[in-house]
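Heads up, the next two complexes both have subunit A, just with different partners, subunit B and then subunit C.
On to the complex of A and B.
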């Protein structure tokens, strides 16, 4: 039994998807998330058992809308999508064939090998355009293979492959919500990376997979789709760095006490029976790097925030605040240095004198 | 974010309560603001779900869209909203004053002020404006004539928010965060309930307890425009299904009301909290600019003006940028002059200092081409000053007076004063600082109203900027744009 299995306990590992992998890249400094994700631990259940249930979640209406839009774009052999690629991206598409990987059945292993075969053929053929629907990709996360089932189409034209990401947020007068575009780019980067890995594995040039992702969104207030090319090179770099960190997860694990487990000890009904205090102690063995951004992307966020607040960490106030405070870790240090009750370490001299001035100026201004 | 605010946040953590970062109110607060809390359907760009709107806390109008996917119901919502908002806006178009010396013009004495809970509320206002301003009251898909009018006003209001210090449309969370620092991050401050929990926690509760309560969607529904996913699945969806099968909107109505009412109360509480702050000295000047713009747009509409274009033309964009920069510079300087807490931030950067007058020569005369009064004062300061001789400073205590640095050494700064002392060769009493007076001097300057840089006319747009843009003529296509 590997250390990761011990950490998780006797339950099947939680699946990764592009969203969770992208979220990993969003906070590369967090050992807790790295370990929990590598072990495939159900963070949602863990947080709930700790008394800090997550609020990360999507509305039913958003899900219905997203599915309906995707279905619409893909209907009739991707008729709308092809029209877009021709008109918006100026691609002179000859006959296009459409392959649905789902045709081989539900088995993921089978669908993955079918994906590989199809992509290889397409890469060697370099003939007409080809669309692949429901491909299954594989990615190595912390030494473990993870299947990815993107709701995307890999699109091949003249030997170059593009990832097509269909999202249901609107592009209004050429502008979309930057937060949502960034999230889409991070997810697409995961697919680009996985596709490139697959190519490399088969001795094909990974550069055949373009870093320009085709983002398909509804235009203005209608359901008509529009397409934009999004360059995801920067997101790829971040992702690769984080994934390489994950493969070195052993170095984090080596620091942890032997036999450490986050097992919730489910009884027959699936109710966790692990003592809360014990679990809390176990989780606290792995350091978190809390930032307010976690609230939108990590199920453990409320727990970690509570922890950060309890020890008076400046992390709970956000990264910009912490940076403004010279990177000082605790609120007590900040106030201590400002009040002059705490002696500044040599590397704190500059921020300490700043803080003393801040306090003096605030007092004078409110006097 | 400055270190002053960051430090105030650290103090808020220790105190368990928000700390002031402003000593006066830096925004105009109308005596009759219109509170507008819109809700939208998740997953859609701008599908209204409902709204609470009104000028009186005891009399909110509740608007509800029982089936948000129904296009005609959406326009019914906009029409209903227009029935409240357009008369409110037009009520400020009655009394005006004549201003301007060289080119006199009419300016309304007051202007509308709409308060939404957060930035998302402004975004929704913008999109609602965008989706209704091009509509037409005739043609194949006619809408009520008030729809395009409201669309233009909503767009006007949303565009006005880009100008620093504009107060015709304000997001309550941003307004509060401008005046208080809390012990939580900006993410949490984005939720009105959690922010107010730190500023004015309910009796018998600590800020942290109140904030925890504010974060529980069952106890405190989010302030919109997005609704809580749990509410969507558990309450709203069954309500919409009930409407689809029975035609009765009662269930959706009750659901939407339950989500809006708590925020409605919070908005008015926040208004009360802000009224407790004295208004900054230059707020009236900025509000006059809001009134200017409101008067201008009223005139534009009165002459049958076209709706705002989707994108600015090159010349319009350059002019807008110039106005935005002017507004920002004015806002930054005015805010610092109005408020010692804001000015303190500039003391940290060394461009502003405070100190005591230790020497003064109030009747010094300089003889050049003619004899002029140029008093000297010496100010002693321990601030980390980063200024140089020759720089011209001003003090908030005597904003009309210039002070040029003549000498600067070892915390002693000699200033030569000019202006604001009367016309004779002896200064008016009190116009020259006396020995012992505590003063602040800054290099900030409120930009004086200046002539606009010469922008080419629309027809003379240079070819580098695409040449003259085509004239916008509203098309049927615009008016019929799908809203699905």
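On to the complex of A and C.
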């Protein structure tokens, strides 16, 4: 791990949370993000020093709204949630037990051990414990423990535990914003994974944790909640792969030059003193795979976008376009093939003829 | 009458000052016309003083408070808790107060209440007829988060087990429905509160209809019958344990888990 420490420099590593872990799974192909996250580098500061400050982050209003909705659903011993679970998932009437882990205080370590005790009790003598509020889970990321606080509850339904995720985006006419649902599913997958790890650690069957997550959202234009089951198996697979990549980060590191560091060289006041060009050179040593989706989840996104644009990479145009261009990597090649100024290599013949055809259409249409 | 009187008192000094200012201005003019510079200076200084006083009085004049609550905070909370008869989260206390009583509570006012009561009890125990205290969790006998109870209730009522949040919710709904049935002309907000609660009780109300107290009581009783026995056994057991293990302060405000958490 000493190489990661060299990369980060003499500052304490940045902590992960469910959001950052979920973001890992959002773009598994990006080496830059994998390396920086594994080393626990403060990406936000790095991006700012490079002159591309991130604007990602949650709006205050969104956070207030989310908290208010969560509080509403959980009020009076989760009265609204119980009603939903009974109606939509056939929770039996006697299953109403509610435990608030927060009763042991704010300390996360204490809350984690309390969560463990409660879940074990529930798993061992079936029937005890239905709703667990404010649980704290722990996950090992690249050799470091990270505390996770599922927005809600792990809950027992027909002998299986489910993660309940409360989100404040609306489900209108049975449809929700696919981007938001995907983000919620990725985040919940982190909790499911952590919960399964906890069960495995305690010699309990990890399959007791369901891969179906209960997503609670406001319905239509009112504030009444509705619940849907979301299958997170796919997200779990991606997450597991990404996490195993983090632990096998050495293979990526081996290809990097020795002594490479992203250290910002903070002075006593915490102002970065490292020369920008030097840092730029160091960062460019690690390949990024930029996609427009990165803008929503990665602090380095603006820097990577600039880089992708500067070298005319087709990545900057989004995954759909890139896939349609059949693996051509730069915009210049695409235009060259379309204009016929570039000679197509044998493996590019097909896409080249298509591009020329498209250009023909465009010329006719705009003539 | 009272309002008129209070207006008179509030505006009196301002009126007097304005009169004085007008008078001084006239005097300044007179003195100036007479060419008496010493007097001009004197009146000007007095005028400036009067204006300063006028400004200050204007700042001080308080906006009349919107009909101040008749009962102190803890009395209002006690009233709501007595109606409900079970340990209650502060938000529900506020709703009950709004629906049936003065309606001057807000959740933020309740946050420090329990701590104040505990301090008062520690310094002079049993000097008040009742204390607003914590509900204790059945397994750890620690104060349950966000719940308020009354010290005169039996210990078993003040203890919350895993099932208690549901049974207490149902009991609260029944008590509210009973109170509405008792009232001659219950307000809109009382029905709104009951309907909101009834929507989460199976069979208590249809969709968005207004709740009918008798039906809510029947539905809540039906569900309560499912949980009551188990819940009461848990509570009674914990209460027996608490009587043995905890001193008076502990029984009202919870075992010293907080200090354990701090050292952990």
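The rule is short, and it goes like this: the second predicted complex is superposed on the first by the 327 of 367 C-alpha atoms of A that agree within 3 Å, B and C clash if a C-alpha of one lies under 4 Å from a C-alpha of the other, contacts with A are read in each partner's own complex, and residues count from 1 in each chain.
One rule holds in what follows: a contact is a pair of C-beta atoms (placed from the backbone, for glycine too) under 8 Å apart; a residue touches a chain by one contact, two chains touch by 3 or more.
Worth saying up front: this structure is predicted, and the values here are computed from it rather than measured.
Trainee: For A:364, decide between first (touching subunit B), second (touching subunit C), both and neither.
Mentor: After superposing on A, A:364 lies in contact with subunit B but is clear of subunit C.
Trainee: Once chain A of both complexes is superposed, is A:221 in touch with subunit B (first), subunit C (second), both, or neither?
Mentor: first
Trainee: Quick check on the superposed pair: does A:258 touch subunit B, subunit C, both, or neither? Answer first, second, both or neither.
Mentor: A:258 contacts neither subunit B nor subunit C.
Trainee: Pick one for A:343: touches subunit B only (first), subunit C only (second), both, or neither.
Mentor: In the superposed model, A:343 contacts neither subunit B nor subunit C.
Trainee: Identify the partner contact of A:173: answer first if only subunit B is touched, second if only subunit C is, both if each is, neither if none is.
Mentor: A:173 sits against subunit B, while subunit C stays out of touch.
Trainee: Between subunit B and subunit C, which makes contact with more of the residues in subunit A?
Mentor: Larger number of subunit A residues touched: B.
Trainee: Report for A:105: first if it touches subunit B alone, second if subunit C alone, otherwise both or neither.
Mentor: The answer is second: A:105 touches subunit C but not subunit B.
Trainee: On the A-aligned overlay, A:316 touches which partner chain: subunit B = first, subunit C = second, or both, or neither?
Mentor: A:316 contacts subunit B only, not subunit C.
Trainee: Where on subunit A do subunit B and subunit C both make contact?
Mentor: Correct list for subunit A: none, the interfaces share no residue.
Trainee: Would you tell me which residues of subunit A are touching subunit B in their complex?
Mentor: 55, 57-66, 168-170, 172-174, 218, 220-224, 292-293, 295-296, 309, 312, 314, 316-318, 320-321, 324-325, 331, 334-335, 338, 354-355, 357-359, 361-362, 364-366
Trainee: Give every residue of subunit C touching subunit A within the complex, in rising order.
Mentor: Touch residues, subunit C against subunit A: 89, 91-92, 137, 140, 142-145, 162-163, 165-166, 168-169, 172, 197, 199-202, 223, 226-227, 257-258, 261-262, 264.
Trainee: Which residues of subunit A touch subunit C once you look at their complex with the stated criterion?
Mentor: 71, 75-80, 82-83, 86, 93-94, 96-100, 102-107, 109-110, 128-130
Trainee: Which residues of subunit B touch subunit A once you look at their complex with the stated criterion?
Mentor: Going through subunit B, the ones touching subunit A are 1-11, 13-14, 20, 23, 41-46, 127, 130-131, 183-188, 208, 215, 217, 226-227, 229-230, 232-233, 236-237, 310-311, 340-341, 343-344, 347-348, 354, 383-384, 481-484.
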